[in-house]
Amino acid sequence: MSTSKLIAIVAGVGPGTGAAVARKFAAQYPVVLLARNPDNFDSLVSEINGAGGKAVGISTDIADAGSIKSAFDGIKKEFGGDVGLAAAVFNASGRFVRKPFLELTEDEFVAGYDVSGKGAFLFSQATMPLLLNSVSKSKYPPSLIFTGATASVKGSAMMSSFATGKWAMRALAQSLAREFGPKGVHVSHAIIDGVIDIPRTKEWLKDAGPDAKISAEGIADAYWHLHTQPKTTFTWEIDIRPAVEKW
Amino acid sequence: MSTSKLIAIVAGVGPGTGAAVARKFAAQYPVVLLARNPDNFDSLVSEINGAGGKAVGISTDIADAGSIKSAFDGIKKEFGGDVGLAAAVFNASGRFVRKPFLELTEDEFVAGYDVSGKGAFLFSQATMPLLLNSVSKSKYPPSLIFTGATASVKGSAMMSSFATGKWAMRALAQSLAREFGPKGVHVSHAIIDGVIDIPRTKEWLKDAGPDAKISAEGIADAYWHLHTQPKTTFTWEIDIRPAVEKW
Amino acid sequence: MSTSKLIAIVAGVGPGTGAAVARKFAAQYPVVLLARNPDNFDSLVSEINGAGGKAVGISTDIADAGSIKSAFDGIKKEFGGDVGLAAAVFNASGRFVRKPFLELTEDEFVAGYDVSGKGAFLFSQATMPLLLNSVSKSKYPPSLIFTGATASVKGSAMMSSFATGKWAMRALAQSLAREFGPKGVHVSHAIIDGVIDIPRTKEWLKDAGPDAKISAEGIADAYWHLHTQPKTTFTWEIDIRPAVEKW
Amino acid sequence: MSTSKLIAIVAGVGPGTGAAVARKFAAQYPVVLLARNPDNFDSLVSEINGAGGKAVGISTDIADAGSIKSAFDGIKKEFGGDVGLAAAVFNASGRFVRKPFLELTEDEFVAGYDVSGKGAFLFSQATMPLLLNSVSKSKYPPSLIFTGATASVKGSAMMSSFATGKWAMRALAQSLAREFGPKGVHVSHAIIDGVIDIPRTKEWLKDAGPDAKISAEGIADAYWHLHTQPKTTFTWEIDIRPAVEKW
């Protein structure tokens, strides 16, 4: 495989944002899709490969250092040890726990951080060297994009597990943007403030009209725009919500 | 002129962001350029018209209700009373005053608000009805975009005039986003955090490297992306800064 | 009158926060009460003077430079030209306008800034020299405290007049804190997030329980705490809300 | 020991904030001091007991559920199973790691969260039931106060371990304030923005003047003020910094 090849990696692929981002970036780059459960990427891998693109799915536990290492060994085996990385998108979320604080177990509380904090750290450490190596090779500044949520900026009642993880991830993204922006890597954080329109949410918000849910394609377009920003014009953070959302 | 025509209006056109935004939006829409001094838009109007686009410049004092009214009378005369407005960009800034607080005159203090607060209000009131009327006609949701600055989120010492105006403008933008988003108009605010690369700043930041100043074209690309977002996926705020900027 | 005397000045005295702050600070300092309408301070002046304190009321239009000048001329006549100022509290608010944006007149929009922006500027310029002169004389660092609101950090729909004024005031307070903190003057901003418990709000929030409204005395205690902070330990901002408030 | 007794608990006692808070609250309540190393509380326990107060030190690993359980078993044994808790202060911080992101080990990264996230959770779960039980018994609303830092609101380069922990703690504090405020427990978060004046920092900031470091006593006074706020007037967050601090 050509060493000049640049790829994109999306961690946290399901039916919504992750898949839309993968399709969008697959138009330009071979894409690697990471998810714990292959059911989450198998059909998408087939779809992209069948449409003339290139996609590889790797079953990965994003919160486990060994699993991340295996995944990146696999990536280097597939694409070459000097593969360049044009874009890495961290779209994983841990278990969503919403319950009275005093009923939370330690495991449930830590679940939010486990993926959004530790997992984001492991993914960032695995991808950053590849992003740095691509600064001079990539048409667009190599990009590391984190998917946040309303809970990234608001600690609501009974949401401490999710919110602590998401706030930690936002802090990480900001710290990385400040350290690696001057080195040419574009780190961004997106606050996705609303319900994504996916099969699981089909029955939600029906009274709020046809446009009450966020289009995953719209998110993917925003991420692609972030990726194409030149290094004179980096955005660290955008918020995204439906026009009708109360906020 | 066809009544189905949609136009774009840019208030505050100089050699930087305003001009780049005008060029970008002129590829899709006839553009109206507002500035107090015609020297700020004359050559740009010629350039756009000469390149096959359509541009009109109108000398306007953005902080004066009568002047705004004249400008919009002129726009309707030129484009028809039922002209649609696809995008309005408020890029004006008042006098920049930086001095010890106790040396500020009342006029100097109010200068920041005069344009960024009252001027932004007048421009919003003039454009919003035209934006609302275009919701069903425009391919992309009609957009009202405000250009903010570092001083929109930080009140630095000796910067109270500029900062109070910019904070007021950000509050206005947020209030409008909440009132008119559900009606289909996309209101956004951009925090431009750094020095724009224009002739006047040519000698600035020379030691910080070739990419230390913000490209006005990069800002224009970001505004265009905001404009094209579907109503399921509105961004209220983005920040923009050079990769090497300290923040 | 002794030149070593330190006074406190409260601008915007009505039945709620202003009166409670005046009573609290009157226990330590002679107080000057400013309000446009003497009905707002007359009985309070009598009350404080009758209780062994010292209070003076001066009818003042806080948004008018001439009226402010008259007020401070009166203060110097009363307390001596070298009177020291231990604390100044800006508690004034302009007309509260809540209506659809397109129905706002220019006067209504500007009303928010007129008091909260321009008025706060005029009051700050009048008080700051007196505060600076008291740095070495005052037991507690001379203090300038601004009363903000929910609308100081949130631009709600139909609230652009009030919010733009309050955001401008918060920017001013932050800018002043940065410029004058190092000179020994303590500038603070309080976000009062809820309904104050005053006669006019007696019938409000009745279903929310006995503690659903903010106690003006509680605010006064917080302002007094801010005033007593040593210069090693300055608070710029506090938020204050009832325990039951949704936020 | 009388069952009507109310106590205060301070987690994270060293020579600075924790000790000052313990002394301040010991004037009103018996205090329990938690730290991993008894050297951090032994002399303070003697000092408080010797001065007529009541203090108990318990060696505790705040990030370990078993250690927390032992500590609270000890507290109940000492003060009775129905002991009331007037105030709990979480002042612990994990290992402070500042180094290039790519040199961080997983352990170093997680160290920030371990104490500030998981430890804060464990401490909150242990103290909240005691705080809730004291709502009707305590003169002042039972209080849970978290000590934050500049890094609670800013993710600086090379500070991702510390910042992710502190942002997580702030999210937790906000979530708890929203859940338990309406139940009468006052949850607050303090942003301590500067260097505390303790023996270890004696040589720091010498050029910045005598007041360039934060007085731990000033912090303790602020915490006491927060504790005494009535339930109509709760502050969630304050920032604290020296007057001369750049921010």
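The first chain written gets the first letter, and so on, giving A, B, C and D; residue counts start at 1 in each chain.
Here is the rule we go by: a contact is a pair of C-beta atoms (placed from the backbone, for glycine too) under 8 Å apart; a residue touches a chain by one contact, two chains touch by 3 or more.
This structure is a prediction, so every number in the text was calculated from the model and none was measured.
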Contact distance in steps, from chain A to chain C: 2
Touching both chain C and chain D (chains): none
Copies chain B and chain C touch via same or different residues, half shared test: same
Most distant chain from chain B by Cα centroid: D
Whole-Å separation of chain centres (CA-atom averages), chain A against chain B: 32
Whole-Å gap separating chain A and chain D, where each centre is the average of the chain's CA atoms: 34
Rounded Å distance between chain B and chain D, as computed from the means of their C-alpha atoms: 46
For chain C, residues contacting two or more additional chains: 178
Interchain contacts, given as pairs of chains that touch: A-B, A-D, B-C, C-D
Contact set on chain B toward chain C in their complex: 65, 100-102, 104, 106, 109-110, 113, 117-118, 121-122, 124-125, 128-129, 151, 154-160, 163-180
Residue ranges of chain A in contact with chain B within the complex: 141, 178, 181-182, 184, 186, 197, 211, 213-215, 218-219, 221-222, 225, 228-245, 247
